[in-house]
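Take this structure, written in C-alpha cells, and hold onto it; I'll ask about it next.
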Amino acid sequence: MNETRLIELLDAVRAGNVPVERAVRRLKSLAIHDLEFARVDGHRALRQGFPEVIYADGKTPAQVVKIARTILRHGGNLLATRVSRDTARALKRAFPRAKHHRDAAAVTVIRKRLPQQPGIIAVLCAGTTDIPVAAEAAVTAEIMGNRVKTFYDVGVAGLHRLLAINEELLAARVLVVVAGMEGALPSVVAGLVDRPVIAVPTSVGYGASFGGMAALLAMLNSCASGVTVVNIDNGFGAAFAATRINRGGA
Amino acid sequence: MNETRLIELLDAVRAGNVPVERAVRRLKSLAIHDLEFARVDGHRALRQGFPEVIYADGKTPAQVVKIARTILRHGGNLLATRVSRDTARALKRAFPRAKHHRDAAAVTVIRKRLPQQPGIIAVLCAGTTDIPVAAEAAVTAEIMGNRVKTFYDVGVAGLHRLLAINEELLAARVLVVVAGMEGALPSVVAGLVDRPVIAVPTSVGYGASFGGMAALLAMLNSCASGVTVVNIDNGFGAAFAATRINRGGA
Amino acid sequence: MNETRLIELLDAVRAGNVPVERAVRRLKSLAIHDLEFARVDGHRALRQGFPEVIYADGKTPAQVVKIARTILRHGGNLLATRVSRDTARALKRAFPRAKHHRDAAAVTVIRKRLPQQPGIIAVLCAGTTDIPVAAEAAVTAEIMGNRVKTFYDVGVAGLHRLLAINEELLAARVLVVVAGMEGALPSVVAGLVDRPVIAVPTSVGYGASFGGMAALLAMLNSCASGVTVVNIDNGFGAAFAATRINRGGA
Amino acid sequence: MNETRLIELLDAVRAGNVPVERAVRRLKSLAIHDLEFARVDGHRALRQGFPEVIYADGKTPAQVVKIARTILRHGGNLLATRVSRDTARALKRAFPRAKHHRDAAAVTVIRKRLPQQPGIIAVLCAGTTDIPVAAEAAVTAEIMGNRVKTFYDVGVAGLHRLLAINEELLAARVLVVVAGMEGALPSVVAGLVDRPVIAVPTSVGYGASFGGMAALLAMLNSCASGVTVVNIDNGFGAAFAATRINRGGA
Amino acid sequence: MNETRLIELLDAVRAGNVPVERAVRRLKSLAIHDLEFARVDGHRALRQGFPEVIYADGKTPAQVVKIARTILRHGGNLLATRVSRDTARALKRAFPRAKHHRDAAAVTVIRKRLPQQPGIIAVLCAGTTDIPVAAEAAVTAEIMGNRVKTFYDVGVAGLHRLLAINEELLAARVLVVVAGMEGALPSVVAGLVDRPVIAVPTSVGYGASFGGMAALLAMLNSCASGVTVVNIDNGFGAAFAATRINRGGA
Amino acid sequence: MNETRLIELLDAVRAGNVPVERAVRRLKSLAIHDLEFARVDGHRALRQGFPEVIYADGKTPAQVVKIARTILRHGGNLLATRVSRDTARALKRAFPRAKHHRDAAAVTVIRKRLPQQPGIIAVLCAGTTDIPVAAEAAVTAEIMGNRVKTFYDVGVAGLHRLLAINEELLAARVLVVVAGMEGALPSVVAGLVDRPVIAVPTSVGYGASFGGMAALLAMLNSCASGVTVVNIDNGFGAAFAATRINRGGA
Amino acid sequence: MNETRLIELLDAVRAGNVPVERAVRRLKSLAIHDLEFARVDGHRALRQGFPEVIYADGKTPAQVVKIARTILRHGGNLLATRVSRDTARALKRAFPRAKHHRDAAAVTVIRKRLPQQPGIIAVLCAGTTDIPVAAEAAVTAEIMGNRVKTFYDVGVAGLHRLLAINEELLAARVLVVVAGMEGALPSVVAGLVDRPVIAVPTSVGYGASFGGMAALLAMLNSCASGVTVVNIDNGFGAAFAATRINRGGA
Amino acid sequence: MNETRLIELLDAVRAGNVPVERAVRRLKSLAIHDLEFARVDGHRALRQGFPEVIYADGKTPAQVVKIARTILRHGGNLLATRVSRDTARALKRAFPRAKHHRDAAAVTVIRKRLPQQPGIIAVLCAGTTDIPVAAEAAVTAEIMGNRVKTFYDVGVAGLHRLLAINEELLAARVLVVVAGMEGALPSVVAGLVDRPVIAVPTSVGYGASFGGMAALLAMLNSCASGVTVVNIDNGFGAAFAATRINRGGA
C-alpha cells in the first residue's frame, strides 16, 4: 500500500465514508510486504553513534577513498580496517584528519569523539605475531567510545608475564583475548577473571594450525566457562561485541 | 501499536481531531515491531494446499500420533516421514485411512486428494540401497499433487538400463535423481535431458563415502549444467522443491 | 558396425537375400558400441537456442578470442564468464558487438536475441561483495532468454531492505539467491515466497568461512523447504538451472 | 619455601640477624613455585554466589547422587545438566527439594535463591528440536540469578513469528540465540537489536549438518556484528557467559 | 524406434520403396534413446564367469537367503560378503554346499569351479586386526578363479617378517596389500617388487585414524610408484581389480 | 639362497674349489630377499624386558584370556589395556596374580618386577574425565620399570592447582601431559619445566571437540617448544615413549 | 659383519678350521643390520629398462638441467614431468634430442627406445582442462614402452562421445581414466569394459571441488568394481602402475 | 603488594610491632596477583644456555637484523630459522661471524660454543625434498650443544639404504625422523631401534597430501610404539624436544 492509497483510506475515514471498524480490518490485513513505509528502526538504533566502517581488503585505494568521501559528507566518524599502506597514504592525502594505525592496518577519521563508556575493555594477545589482530580490536573499541587497555605478548608459555598483569585484568569490564597457534590464552584468562572473555583466534601458525582452525577449535572447547568466540582474525567483530557488552551497563 | 490504539487513532481522524497528514506520518513511523497485527502472508500462501508434515525421526510413536491428531483435527492431509515400523503401526491403529509406504518409511493420511499438476516428476535412483530416499521423494511428490514416475536401480555402471528409459526421462517436467557412493547419476541424466535435475546424495556407502559427503561433493561439482543439490538423504526436500517447479507452469 | 556393412545389409534386404525378420534380429543384436553412427540427440536439444559458453578463467586473452571466433563463425550467441579485464578488451577489439559486463566479469556477443520467456528470474544477493556472482547469474539468465530482476545488498542483518522488496519477489517464477559468509539469505527468502529458490554460496568471507564452505553447508541445511543449491560461486550454473525451470512452463 | 622456613626468616628479621634489605631480596627472589602458600583468589571470586554444576552425561545415577551429596553438604545451590530420566529420578529421591526441568534435561536444588540481576536474558531458539539446548541455557541463567525470557520456535523461515517479538527482544540485556541446521537466526536477531548476542549452534540436523558444524560455521561467519559463539549444544556455557555480561552492569 | 517401425522400414527397403541410401540416413539419425532394442553387451561380458555377489551388510538373514535363492536358481556361483553369524547360519541351512569363511565374514556357494588363472594374487596385511579385510580379498580372489597366497601380520614395525617372504612376493602377478593405522605397508612392498600393488586401507585404529582416513591418505601419497588404492575396508573391490589384472595376461 | 645352496658354497670353499675372494663376491651380491635366514634382531632387543601387551578393545573375554595364557606360558609380565569389566573378571579368575587397575581399564600380571629406572615420569591430566587415559599411561609406565608420579585435575582454568605442584614437576625426568577439550595444559607445563613433555589429547568433550581433534591440533601447535604429541587417547603410547626417554639416561 | 671378518670366516672354512655346519650357523645368525654388504636388488630390477624421472616442480631450470646431465651421463632415457616453459627451453638447449611435450608439461630424452609391450594402454579424460594430467600419463606410458591410445574430452555429460569409442576401449589392456569435478567417468568406463581401470582425479574445478578432493572421493566410492585410484593429478603414477599391469602378461 | 609495603612489613617485624605469626598470615594471604615481584624462574632455567631464536618467516631483512642486534648485544648465540636469501645476506653483512646454512634456510651466530652433550641425535629424512626440514633440525640441534648425525634420502621405498645405516641408528640417543608424502619412515625406524623417535611430517607432496596432513596423520597412527610427533615442517621444534631428551641423561 503506497502513501497515496493510505491517504485515500484515511480521507475516507475522516469523511465518514469508511467506518473505523472496516479501516482497522483493512490495515490489519496488510501483509508486511504491502507496508512499503514500514521500517525496522532497531537497525538504525543499532548504528547510532557508531562510526561507519569500511572493510578495505580487496578494494583499491581509489575505491576506499570514494566510499570514505560519501560517508564523511554525511558527518560522522570513519573506521577503515585491513588497509594497505597505499590505501592509508591515499586516505591521508584525501582527509587531513585521517590517522593511520600501522599495527592495526587501520585508518580512522574522527569528526566528533564519542562520549566514553565508563568500563574498560582489556585487549590481550599471546604472541607478537598476533598484534595486528589485537590492535584492530583496540582501535575499533576506542573509536566506538570505550576506554581500552592493551597487553601484548602474554602467552601461556611464559605464565609470569600473564600473572604480572592479573590485577589489571580484574579491573576490566570485558576482555578481548587474541591468540593463534594452540589458542590457549582465553582459557587461562577466563580462569583468572570473572568477566566476559571474547576469544579471537588468529591465523598465525603453520602446518596443522590450518589457518587458525586449531586455535578456533581450542577456544570453542575452552574448559573455562564464560568464553565466547568470534571468527578467525576478526578483531573488529570482537571489539564490536565488547562495545555492546560495555554499553550495557549504561 | 495494538488494535485499541489503532482504533483510537482512526476515531480521531474521523472526528477531525487528527489531520490525515499527521495520521499518515504516525502510521509511516511505525516500526515493524510495533505492528503486532502485521502478518507475512507469503508464508501461508506457501503452505496452501500442501499437507502438513511430521519428521518422525527421534519422536516416539505416541508423540507422532499426538501431533498427527492435532493436524488432522484441522482437516488437511498428513505426511509423516522417517517413520519406524512401530510408529507406522500406531498411526494405522489411530487413523484407519493411514497408509504405510514401507519403502519410503512414510505414512500418509489423505482426506482430500489435491488436484494433480499436469507435469510429471521423474524420480530415479542409482542402486537398490538408495530406494528408501527415492521412495520418500516419490511419496512426498505424490501427496503434493504431482504425477510421479519412478525408475530405480539405473546406476551408471550399467548404462543400458539408463539408456533404456531415456525417452521416459525426456517426458518429465522435473527429475529428482538419487544416488549414493560416487553420486555420478545426476551428471549423466542432466546430459540426456533438458529439464531441471534435483540431485539427492544418499548416505549409502562406507569408508571414504563419509556418510554421503562423497556423493554430495560430486553432485555440487557436476560437469553437467542444470543440476541443483539438496542435503544428504533429503528425499522430502527434493520433492518439495520439485513441486514448486512443477507448479510454476500453472 | 560401420556404414559400409550397414549398406551391405540393407542392399541384401532390398535384393531379397536377407529376409526382413533376420535383418531386424541382426540390428536388434547390435550392441550400442557397434553403432558408431549413433548419437544422443538429447544433448543437442538441450543446447538448442542456448548461447555457447566460454569459461575464461585460466585461459589467455588470445585463447579466449580464438575459441570465440570459432563459435561465432557458426552463428549463435556467445557468453564468456570469469573474464579478466585484458580478455574483455581483447574480445571487444575482436568483436565490435561484444559487450563487457564489468560487475559480472562477463562478455556477451549477441547475434540474435532469443525470444523471452514469460516468467521472471529474480536474482538477489546478500552483500555488495557477492555482486560479481549475482551479476554473472543475471547476465547468464538474460542471454538465455529470461526476464531478469536483480536485488543486491539485501542481507539478513538488515531485514527492512529485504521486506521492502517482498512483493517483487512474489512476482518471480524462480529466485536465484546469492550469499557468502553465513549464507542465511536463501532460508529467509524461501520462507517468504512459494517459488523454487536456487541458492548460490560465494567464497566471500575469511577465516572459518573456508572459501565458501560455511555458506554452502548452511544452504544445504536450510530449514526452509524448496531450496536447492549449486557449487560455490557458480552464478552461471544457478542461472542455467533457473532457465530450465523457467522454460518448463512453456 | 614452606611455612617453617618463612617463619625462620621472619624470626631472623625480628631478631635483627637478617637485615630487612636482605629479607626483601630473598622474598623477591622466590620463584612462584616456591610459594606454596600462594593462592589465586581470582578463581574463588569467579565462583562466588554461583551454583556448583555437575555435567551428568556419562555418569551413573549413583555417581551423580554421590557428587551432589558432597556439594550440598557444603551448602549452596546445585545444577545438574545432561541428566537422564533415571538420574533425575534418583536425584529427586535423594533430595526432596530437587526439581527436574524435563525440557532442559536438568535438575536443580536450590537452597538459597540468589539476588536477581536487573537485566533480562532473552533465550531464543529456531525450531522445536532446539528446545533442549535453549532450555538448558534458560535453567542455567535462572539459577545464576538472572531474569530470563524464552522465545521458542522463532526460526527464520517464518519471519512473522520473529518480528512479532521484536519489542521484547529490544528489552533484553543479553540474548542467547540457539539454532541448528543452517544457524541463521543469530544473524537476523543481531540485526534487530543492539545488545550482545551469544549464538549457540545445536547438533540438530542430518547429512551435511555434520553434527552441528554447519550451524557453527554459519554463526562464526555472521554478517551481523556483535555475535559471539560457543560450542555446539553448549547451552550452559552460553548462559554462563551471558550471566557475566549481565552482572557487569551491577 | 520400436520394432514395428523398424520392420516397416526394412519392408520398404525390400520393396524398393525406400532407397538404401535413405534407409542408412534414417538409421544413422536414430538417437540412442530411440533404440529401445539396444543393449550394452560389454556389461554382460564383464560379469562372464564371475560369481554373483551379495553385499549382506544391512540386510536381514531372510533377505540374503531370498536373494541367494534367486541367484542360484539361474546356476552360477555365489559370494556373500559382510555376512553376520546369523546370516551365515541361515545360508548354510538353506544351501548345503554353502561354506562360511569366518575370518572373511563371507559365505560362498560354488556350483562349478572356474578355471584357474596362472598368475598368483598375493594378499598381505599389516596387523592381525586387518585380517578380516584381507581374508575378504582372498576369498573373493579365489572364487573368481585366481590362485591366492596370503601373508598376514607382516607390518612395517617388524621388517624381518616382511623380508622373510620377499621371494614369495616376487612370485606374485599382483599384490593386494591391506593395512590400517599409518598405512605404510604398500609403500614398502611396492619398493620390493615390480608388480602392481593394490592398497586397501582399513578402518582399524582409533583417534586420529579417523576411520581409516589416515591410512587412505598415506596410501594415496605413497612415495613408491605402482601403488593404486581402493576404498577403506574394500577387500572385495581390491580382489575384483586384481582379478581383472590377472586375467589380462590370458 | 636357501640353506642347501649355502652349504654347497661353503663346501666348495672348504674343498678349495671356490676361492674365498669369489665366495665373498657371491655372498655380497646376495639380495636381501635371498637371505631367507636373515633376521632383524633389533626388534627383539627393543622388546627386551618389556611386558607383552594385549590391546583388549574389540576382543571377547575368552579371546583375551587365551592370548594371555600363551604369553604367560613363556614367562614375562603382561599388560592388558582397554579392558572391560567382564574381561577383567575373566582375567582375574584365570590368573590369581592379575591386578585390575579400574581407573586405567587395565589389567597387569607381574611375574618378575623390572629393575626401576632412576628418573621419574610425571603424569598430569587436566580434568577428571581425562583420568582413564592418564591412568593407562601411569600403569604402563610403572610396569615398564619407571617411577611414576601422577597429578590429576590440574587444568589451566585453575592455575593455582598447577602452580602448587610446580616443584614436583621440575623433579621429573619426562612429563606425560593428558588433556581433552582445548588441550592447553601441555603448553603451560612445557613453559614451567625444561624436560621433555609428551602431550596426549583425549576424546573428552563434545560438539566442536570432534572426538579429540581440537585438543590434538592445539597440542601440535603448542607455542611452547619441547612438546611432542601422540595419538588421541593413546596413554599407552605416551608411556612407552617416555620409557624410552627415561631409559636413555642409564 | 664387515668384509674383513667375512673373509676371515671363509678362510677358516677353507683351512678346515671352521666346519661348514658352524659357518652356516654363523651366517644364518647374522642380523640384517650386520650385513653391511647386503643390498635389495629388487629395487634395481624394478627400475630396469625404465627411464629415470625428474619431478621438475619447484626446481629451477638450472637444477633440472644439472640432474638431467648426471642421469644422461650414465646412459638411459629421461623423463622430466611438471616442467615449466623455461625449464623446457633450458633442457632443449642442453640436450638436442630433448622433446618438449607441451600438453603434458613434460620433456623426454630418448637414447634407446624400449621394446614395446603388446598391450594397449588407453588414456581417457573427461574435459579439455583435464588434458595436462592425461597427457602426462600418456607420455609416461609411452616412454616406458607401452602402446598408448588417447581419448580426450569424453565426459559423462555427453555420453555419445564416450559410446562412440566403446569398441576401442574394449581393445585396451589397461585404462587410465582422468577426470576432475565430479569424477564420474571411471565409474561409467568400468561399467563398459572388463579391464583394470586406474582412475586419476584432477584438481580441475573450483569451490566445493576442494582441489580435486570431490573427484578423488567419488572415484574411491565407485559403484563399478575394478576401479583403483591414484593421487590427485598423478598422471605419472597412473601410467607407472598401468605399465606394471601391462608388463605382467609378458 | 609493592616493594615499599613489603619493606614496611618487615621493618615492623624487626621492630617487634608485628608479630611473626601475623606477618606469616599476611604473606600467606597474598594472592599471586599481588606479588608483583614474583617471577617464574623455571622459564629462565629453561632457556639457560640455549641460543635465542628468531623465526624469520614474514619478517623483512631489516626487522630480522634489528632483532638480532638486540639479542647479540646481550651476549649469547643466535639462531634464525626460515631465513630468505636476502635476509641471510643482510645478516652476514651485519654480523661477520654469521653463518648461512643454505639447506636449512637458517643463519647462526655463535659467540661461545655450548659444551657438547655426550648423546648423538640422528636426523633422518625420507626424500631429498624433505632435506630443508631435516637440515633445520640438524642446525638447531647442533647449536644447542648436541652431537648430530644426518642420514638423508633413506625413504621406505628403498629399504636397502635404510638397512645399510641400521647400526648407526642404534648408536643414537634420540632420532628425529623427517618425512612427507605417506610419512612411513618413522614407523619403520621405530621398529629398528629402541630409542625415542620424534617424527616430523613435511608439507612435501601434492593433491591428497593436503599440505602434510597425510604424513601427520600417518605418524600419529604409527603402529610402532615409541613415536611422538611435532607439527608439520617443524624441524626446529623436533630438535628442541630432542635436546631436552638428550640433556636428560646429564
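Labels for the chains are A, B, C, D, E, F, G and H, by order of writing; each one numbers its residues from 1.
We take it that contacts are C-beta pairs under 8 Å (C-beta built on N, C-alpha and C of every residue); 3 or more make two chains touch, one makes a residue touch a chain.
For clarity, every value in this text was computed on a predicted model and none was experimentally measured.
Peer 1: Only C-alpha atoms count here: how many degrees separate chain B from chain E in terms of the superposing rotation, rounded to the nearest 5?
Peer 2: The rotation relating chain B to chain E comes to 90 degrees.
Peer 1: Quick check: how many Å separate the C-alpha centres of chain D and chain F?
Peer 2: 38
Peer 1: At what distance in angstrom does the C-alpha mean of chain H lie from that of chain C?
Peer 2: 54
Peer 1: Using mean C-alpha positions as chain centres, tell me how far chain C is from chain D in Å, no decimals.
Peer 2: Roughly 49 Å separates the two chain centres.
Peer 1: Take the average of all CA coordinates in chain A, do the same for chain D, and state the distance between these two points in whole angstrom.
Peer 2: 24
Peer 1: Which residues belonging to chain H are in contact with no fewer than two other chains?
Peer 2: Chain H, residues with two or more chain partners: 32-33, 38-40, 42-43, 157-160, 163, 166, 170, 191-192, 207-209, 213, 216, 220-221, 231-232.
Peer 1: Where do chains touch, given as pairs?
Peer 2: Pairs satisfying the touch definition: A-B, A-C, A-D, A-F, A-H, B-C, B-D, B-E, B-G, C-D, C-E, C-G, D-F, D-H, E-F, E-G, E-H, F-G, F-H, G-H.
Peer 1: With touch defined as at the start, can you tell me which chain C residues reach chain G in the complex?
Peer 2: Contact set of chain C toward chain G: 31-36, 38-40, 43, 57-58, 201, 203, 211-213, 216, 231-234.
Peer 1: Per the contact definition, I'd like the list of chain B residues that touch chain C in the complex.
Peer 2: Those residues of chain B that touch chain C are 32, 40, 42-43, 45-46, 48, 119, 159-160, 163, 166, 170, 173-174, 191-196, 198, 216, 220-221, 225-231, 236-238, 240-241, 244-246, 248-249.
Peer 1: Quick check on the complex: what are the chain G residues that touch chain B?
Peer 2: Chain G reaches chain B through residues 126-127, 155-159, 163, 181-184, 187-188, 190-192, 205, 207-210, 213-215, 217-224.
Peer 1: Would you tell me which residues of chain E are touching chain C in their complex?
Peer 2: 3, 6-7, 10-11, 13-14, 16, 20, 23-24, 27-28, 30-33, 35, 37-42
Peer 1: Can you check the complex and tell me which residues of chain F touch chain D?
Peer 2: 129, 157-160, 163-164, 166-167, 170, 192, 206-209
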